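The structures come next, written out as structure tokens.
Shared between the two complexes below is chain A, which has chain B as its partner in the first and chain C in the second.
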Partner chain A sequence: MDLQLVSLEIGACLLGIMVLLVDLWTPAERKAQLGWWVAGGLVGVFCYSFTIFDQGTGTGATGYVKDSLAVYFQGYFVLSAVLVVLLTQSYAARIRSGISELYAFTCFALAGMSFAAGANSLVLLFVAVELITITFYVLTSFERHRLRSLEAGIKYLILGAASSAIMVFGIALIYGSTGALDFHGVARAANGLNDDSMMLLYQLGVLMTLGGLFFKLAAVPFQLWVPDVYQGAPTPVTTFLSTGSKAAGIVLILRLLADACPPLLGEAWLRQLLALMAAATILYGSLCALRQRNLKRLLGYSSIASAGFVLLGLVTLSDQGAQAVLFYLTAYVFGVVGAFTVISVVSEESSDEDISTLANLHQRSPLMATVLTLSIISLAGVPPLAGFMGKFALLRAAIDSVAVHPVMPWVIGAALVGVVISFYYYFTVIREIFWGKGRFWAEEAPSTEPLLCPRAAEVVLLTCLFGLIGLGLFPEPILFIAGEATEYLFSAN
Partner chain B sequence: MSKEQIIRFLPTIVLLLPLISAALILLFTQRYRKLSAGLSTGAVAIGLGISIFLFASQGTDNSEAGSDPKFTWLSIGLAQNDSPLPTASGQENFALDIQSLNDPLSRLMLLIVTFIGTLVHVFSLVYMRKDKGFSRYFGALSFFVFSMLGIVLSSNLVMMFIFWELVGVSSYLLISHWFEKPAAADAGKKAFVTNRIGDVGFLLGIILIWQQTSSVNIAYINSVEISTLAGLLIFCGAIGKSAQFPLHVWLPDAMEGPTPVSALIHAATMVAAGVYMLCRVFPIFTDVALVTIAWIGAITALLAALMAIQQNDIKRILAYSTLSQLGYMVMAVGCGGAEAAMFHLTTHAAFKALLFLGAGAVIYACHHEQDIWNMGGLRHNLSRTSITFIIGALALAGFPLLSGFFSKDAILMQAHLSQKPLFIIGVIVAGLTAFYMMRCVLVAFFGKARTDQAKEAHEVPGEMLLPLIILALFSVFLGAPQIGLADFLNLKEVKASHHAAMIWGTVAAAVGLIGGYMIYRNADKDPLPAKLGAVSRWMRDRFYFDELYAFLNHWTQEKLSFASDWFDRWIIAGLGVKGTSGAVDVTGCLIRLFQSGNLQTYALLTVIGLLGILAWILF
Partner chain C sequence: MSPLTYIMGLPLAMALILAVVPSEKRQFFRWGARMATLGSLLLAIYVFSAFDPPITDQPAPLPAQGTEESALENEYGYKFTQRVEWIPSLNIHYYVGVDGIGIVMVLMAALVAFAATCCAQEIRTREKEFYILLLLMTGGILGAFMSLDIFLMYFLHELALVPTFIMIGVWGRGQDKDFAAYKITLYLSLGALLTLAGVIMLYLQFGTFSLLSMMDHATQFAGTEAGAFSATEQNVIFALLMFGLGILVGLWPFHTWAPLGYGAAPTATAMMHAGVIKKFGLFMLIKVALPLLPQGAQTWLPILALLCLGNILYCGLVAMRQKDLNLLIGNSSVAHMGFVFLGIASVTTIGLTGAVMVMVAHGLLAGLAFGLSGYLYSQARTLDMEKLQGLLASMPFWGTLMIMALMAGCGLPGFANFAGELTVFFGAWKVYPVITTIGIWSALVIGAVYMLRAIRTLLHGMKGEQTPEVEDLKHWQRLPYALLVAVLLLFGFYPKLITDKISKSNATFEQAKKGQTPTEEATE
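Moving on to the complex of A and B:
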């Protein structure tokens, strides 16, 4: 195997190990500053790996592929990892044990995600998922002095283990029925299946494998862990969960469906299942978020609803839908990172995550108020911001496929209802920023003291601001790259 | 660029200067009072200079009505360079050119607006000196001048309508300049809303004309036949802006604004815009439309003159007089005498601005006392002001050989040519006008000082006197045949009617003046209520129009609002919005029960979900 092909993954792992080593010689008060180096290193590694791709290396022999889809997602993962590392740095004061370990684990998780982006066989799929998930078990419970963090870690561990078990069972069934592990081999073998019971086993296997991936994506009925884990985990970890980990699930689902399941793509039940899950996920996320006062939990539910929108793009099982999903994710990352960064800074100051802590934010820190407002508006899908273009692309893909699939109008209807409901809880946040009166039982009025934003968080916020507006006004370049990445994904079959 | 080309740009420059000044003041120089006032005054003064130049160099030259720059604002169904005039093929071709109009009528009006505007600006420098909204006042004043000039220079009805509305806005801003006074704020609102009623008609008229002729170009529509209905709808705009019956109620209340504003807007220019507009599109009116216009004008003139007799506030007397004179002009238009109307508009602008500024000077000198019965004997302390005021009053009363005499004469002649009843009403109004002006002058300036304010009044400073003196000169001489205004307007004379008008007009003025003198000589309180009884009370209470409107409002609009409020509150908000959101909320609460936080429950539910899917798909 050509090692250059996996230079990004190797680079990320090396970077993580280097951080751990450098940590030994770094004075305690300067350890947080390592974040700049990690972020810079990640960008450098990504650029290097990109030059490899440019030289036109293709599929490796061992179930790893570096095609344009993989590169798109790797770029996406590096982007979110860089933002998360910078966010981690501004969060450092609350980490009592080993900030460097947090950086290192982020790098390891990135390596896992990067493998997931290029995974082309069931083995690599499982390994990549486990690399991500096990890293996140540690990350989630990283604030060991906080009970909630530990609780979240335990919940994630047990539910994650259960879902891994389901997935590995599914992989075994697929291997048992088709005798192949790489996606194309599975597809070839499945096409040749004429034994009904073998076909049943194959379908069962695919469904259970998908179930394990839907757990990452947080789609109904695999979404129950999300609010508790999002709330309990350290904020940078929550951010990475909702951007990186979720997207890893998406890219694997895309690949699994497109490459390993061609015989099933024509089946009505697959679309019906995806459609039902999309509608249920959107509505579940939106409805549960109503009246939610904890900001991280609120964004957790919002993240469930977003998973539903991603599913909406998947239901179409078309290149256009996949393109929309890719664009939606990119737009989504700026909104989510922007929102979580502000929440992280605000909640550090007040050691509280209640929505009322946002009161007077527009006086305390205009920059943070602006970015949070725009992030929320973008998540809600109001033009001309990035999130609007994402939702627009998804809905357009869905509407274009109405002719192909009769269930589609119902899903679109559910999505629209979900959007309307989501406006309510999203704008609750904005109302709290500008017109909030603080907790209603609080004696004194909410503070109007200026709130300082750490330098690293400022960089993140400005990046998000740039991304939110830039992608909203000029979506064409990213849409084009996403289109390149998903060309012939489904239509090749 | 040749001289001609530069001249073609001049009207647009006059138009844009006040806009620039308004923008600068409102955006940048709010804090610098003198700079703001200077900008505003300078803009209108330069405009006056250019207007004089245009008027002097081009006179009645009507050959070239267009001016630069010209650009197509809106184009439907035709290419950029096509003719804006409709083709035979139909309605879909439509272009809206924005261009300033430069013809004798607009040049005259340009001169009036910038001339009165400049004097009012100068007067305001002193009058508003202590006001804390000084800069805002001048900004709004500049904005008004811009809007008014826009109406004057409009070459099509849509452009005119836009400026028509802008004038409404700036008038609203200026009437409610002292917005902390509830009466001023209410008056601004009343003026705005009342004007809107007329404007809706105006807009409908424009749409109807467009539908009939597929053009809104004024030059074009004047050359084709337009239905009576469209003409009357256009007239609705004039009813609102020129405060004609039955929408006359806003003008007296508009006197809550600063007095210089009353002089500029509510006497000389804005309220004249309606009359100007009627003259501008005069050829579109059919005979039926003209008769209606004439009678509306006559009724307004008569009612307002009667109301003026029993008012005690000096500004309100002048306001009702303005109403009455506007009615006169509208009547002249209705009788086919657009030229006579413009003639009276011009002279009236001069002497009514004079009277208002004079009233402003009196009010300023008497420390904001406006009731004429609390004045008296002012001619001793305010000799120069009172002389100019008396000149204005005499001009308004139609005293022979003053400007008002000639223009009133022209209108009466038109009425005599048209319908005898209108002529009779015109003569009666002339008499009433002389009567109430005599009353006003005698009570305020003669006799003994009735209050301390009147006793201690001092002559106003030179900046205020100067505009008065200039206006007084114009009030005296503007109408004289030697000045040539009548010739400029191409006023035609018919011997017999002219004689009748002159004789009866002079007799009426004499009767009015003498009657007023007899009754109000040395009067300490108004003797008229005792003599006329109920009639005098009706006049004082404006024939109860406001009460009538309030009553109608109460029984129609308020009841309708009440019903729709109920519908909105209970059906739409209660059942529709609250019901939906409540249902959503409850569903959310129920679903949230899944998120118990219990790990075992989560695991169980996840597995049940998975099994459910498998069961559904596979079996």
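Moving on to the complex of A and C:
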């Protein structure tokens, strides 16, 4: 196997181990500063691995492929990992156990995601998913002194393990019915299946594997873990869960559907199932978020709704839909990271995550107020921000597929209703920032003291600000790359 | 670069500049915003006057060069165009230009925007944020009226959504301002999303976002089966656009956000929203929905005509019962939208010309009325008409303008509203005789009842016992109001100024009429 092909993964793992080693000789008060080095290291490793791609090193028969789709997602994962590492650094004061381990685990999770981006066989798919999930078991319960963090860890462990079990069973069924493990082999074998019972096993296997991946994506009915885990996990971990882990699920679903399931793509039931899930996910997420007061929980439900929009793009089973999904995710990362960063800084000062802690933010920190407002508006999908372009691209792909897919108008209707509902809770956050009254149950007026933002968080916020406006006004570069990455994904079949 | 880009760009650029100025420099924000909107206004006047060059100086019309678009621009009478590639992956361009309808709307919008920034003196806290939001809103809506790419049109219009919410919430008035802010946001976003779905479907049918290419395509294939899309598709898209845009305008029964929102909004926001932003829905109906979907229009316009009766009649009756001045103006402004809808539903050249005239006249009028009531609120801290009586004695200038505004609202000849409404009735008479009769009746009677009643209680008679001490407008404060009244009168006495421009958009009207049955065309 060509080791250069997986240089990004190896680099991320080495970086993680190095952090653990360097930690031994670093004085306690300077450990948090390691974050700068990790972030820089990740960017360096990514640039190196990108040059490999440029030289045109192709695929191997190893179950791993580094095509433009993989590189797009790897870039996406590195971007969100870098932002998360910087966010972790500004969160360091609240971590009582070693901060370096948090950095290291982020690197390991990144390696898993990066493998997922290029996974071309069921084995690597499972290994990648497990590498991500097991790392996140540890990461979610990292604040051991907080009961909520432990609770989140346990919940994620139990539900995650159950979904892994379902997925591995599905993989076994696929292997049993087709006798192949790499995606293209599975597709070839499945095309030749003429035994009905074997076909049934194969279909069941695909569905169960997809189920395991939908767990990562947090699509209904695999969404139950989201609110508790999002609320309990340390904020940087929550951020990485909703950007990295979710996207890893998406890239695997895209590849599995496009490469391993061509015989199923024409089936009406698959589209109907996906369509139903998309509609249910969007409506569930939006409706449940309506009454949330805990900011992380609110964003947890909003991330369920976003998963629904991703599904809206997947239902189309078209290159255009996949392109829209890729762009939507990139737009999404800036919105989510921006929002979580502000929440992390604000909640540190008041040791509370209630929405009322945002009161007077416009006065206490104009930068944070601006970024949070823009993030929220972008998540809601209002021009001129990145999120609007994402939703626009998704809607365009969805409406384009109406002709071939009769269920589509209903899903689009549900999506539009979901968007209108989501405006309510998103704008509630904006209201708190600009004219919130603070805690309605307490007597004292909300603080108006200036709120200082740590340097690392400031860098994250400015990056998000730039990304949100930049992608909103000039989406062309990313749209173009996303188009290249998905060019023959579905149409090749 | 087209001067239109500067008209839109000035407020947006100023918003960016204000964002980096420290918030202590309070005078800077006020004057910066005024300068930017004044610049836009002067440019808009220049474009308005340069739209038709005098015949003597006119060079021979340029032969259509190179691109297909520039040939179409000549054909459909668009000027000051500028086209730049923006998002090639989605086939979206930055494409601006105006025809007759566009230029009168831009002029009206710039005028009201300048007046609104001048009337924003009541804002004494957090000026920086307020003026940034106001300028964003202004730049966006000015751009929406000049966009020739319907994606850009939608995109720029949506810039106003979030500023409206924050402005009502932070600087709004009354107990219900939170409720009003949410209601206006949810309604407007619903309308916008339906419109977006319609826009995307139009794009998928025509394969372009360019309004001109769409028009060309629709003209070529009108009446033929080949290449044109089916009546079913037209019906679906037209319904999406009609209801989506209808919600944005306050079409009955989706109008309830409007009076509430305007009642709670700060003065400048109410002026911009009621005067300018609300006209966008009508503008897009006339420019996009009617010419591109003639068959869909044929199906849905009779329903629109019925619904507009709800605006004219129902909202007029509601306005009669209002005790709060702002709610009265708000409801009457929703009622006036009914006339525009009626003009649109008639799809006759006269009716549509009248509709555009009412849009311009009502934009100025709504700006004036909300500006005046906002000034009164800043003086008296209430708009309850039972507490405010006999104001004419203590505020002669304000009172005179208020009488003029209310009179213009009930269609007094001499104001541009009269000219517009009359034209609408002429146009609609043959198509919808019954509805037009009811419309005329309610415009004359119901409108007169609430407007005259307001004049009686508010202005005439003795000063009421509970009426607080108020001061009249002084010196420079009078400028924005005087400007709006002057233009209303100018267009009222000399409507040819705008009808000449509007008639340049004849191609749009002709195309819109293609879907109507020949008998109706013959009756004109």
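Quick note on the criterion: the second predicted complex is superposed on the first by the 493 of 493 C-alpha atoms of A that agree within 3 Å, B and C clash if a C-alpha of one lies under 4 Å from a C-alpha of the other, contacts with A are read in each partner's own complex, and residues count from 1 in each chain.
Convention: a contact is a pair of C-beta atoms (placed from the backbone, for glycine too) under 8 Å apart; a residue touches a chain by one contact, two chains touch by 3 or more.
Just so it is clear, the model here is predicted, and its values are computed rather than measured.
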First (chain B), second (chain C), both or neither touched by A:L295: neither
First, second, both or neither for A:P227, with chain B first and chain C second: first
First (chain B), second (chain C), both or neither touched by A:A331: neither
Contacts of A:A275 with chain B and chain C, given as first, second, both or neither: neither
Chain B versus chain C as contact partner of A:L207, first or second or both or neither: first
Partner chain(s) touched by A:L416 [first = chain B, second = chain C, both, neither]: second
First, second, both or neither for A:I132, with chain B first and chain C second: neither
First (chain B), second (chain C), both or neither touched by A:R431: second
Doubly contacted residues of chain A, that is, touched by chain B and again by chain C: 424
Complex contacts: residues of chain A adjacent to chain C: 362, 373, 377, 382-384, 388, 392-393, 395-396, 399-400, 412, 416, 419-420, 423-424, 427, 430-431, 434-435, 475-476, 479-480, 483
Chain A contact footprint on chain B (complex, rising order): 581, 584-585, 587-589, 591-592, 594-595, 597, 599, 601-603, 605-610, 612-614, 616-618
Residue numbers on chain A that touch chain B, as the complex places them: 154-155, 158-159, 162-163, 166, 200, 203-204, 207-208, 211, 215, 220-222, 224-225, 227-228, 269, 273, 284, 287-291, 421, 424
Chain C to chain A touching residues, read off their complex: 86-90, 126, 129, 154-156, 158-159, 161-162, 165-166, 169-170, 178, 181-182, 185-186, 189-190, 193-194, 196-197, 200-201, 203-204
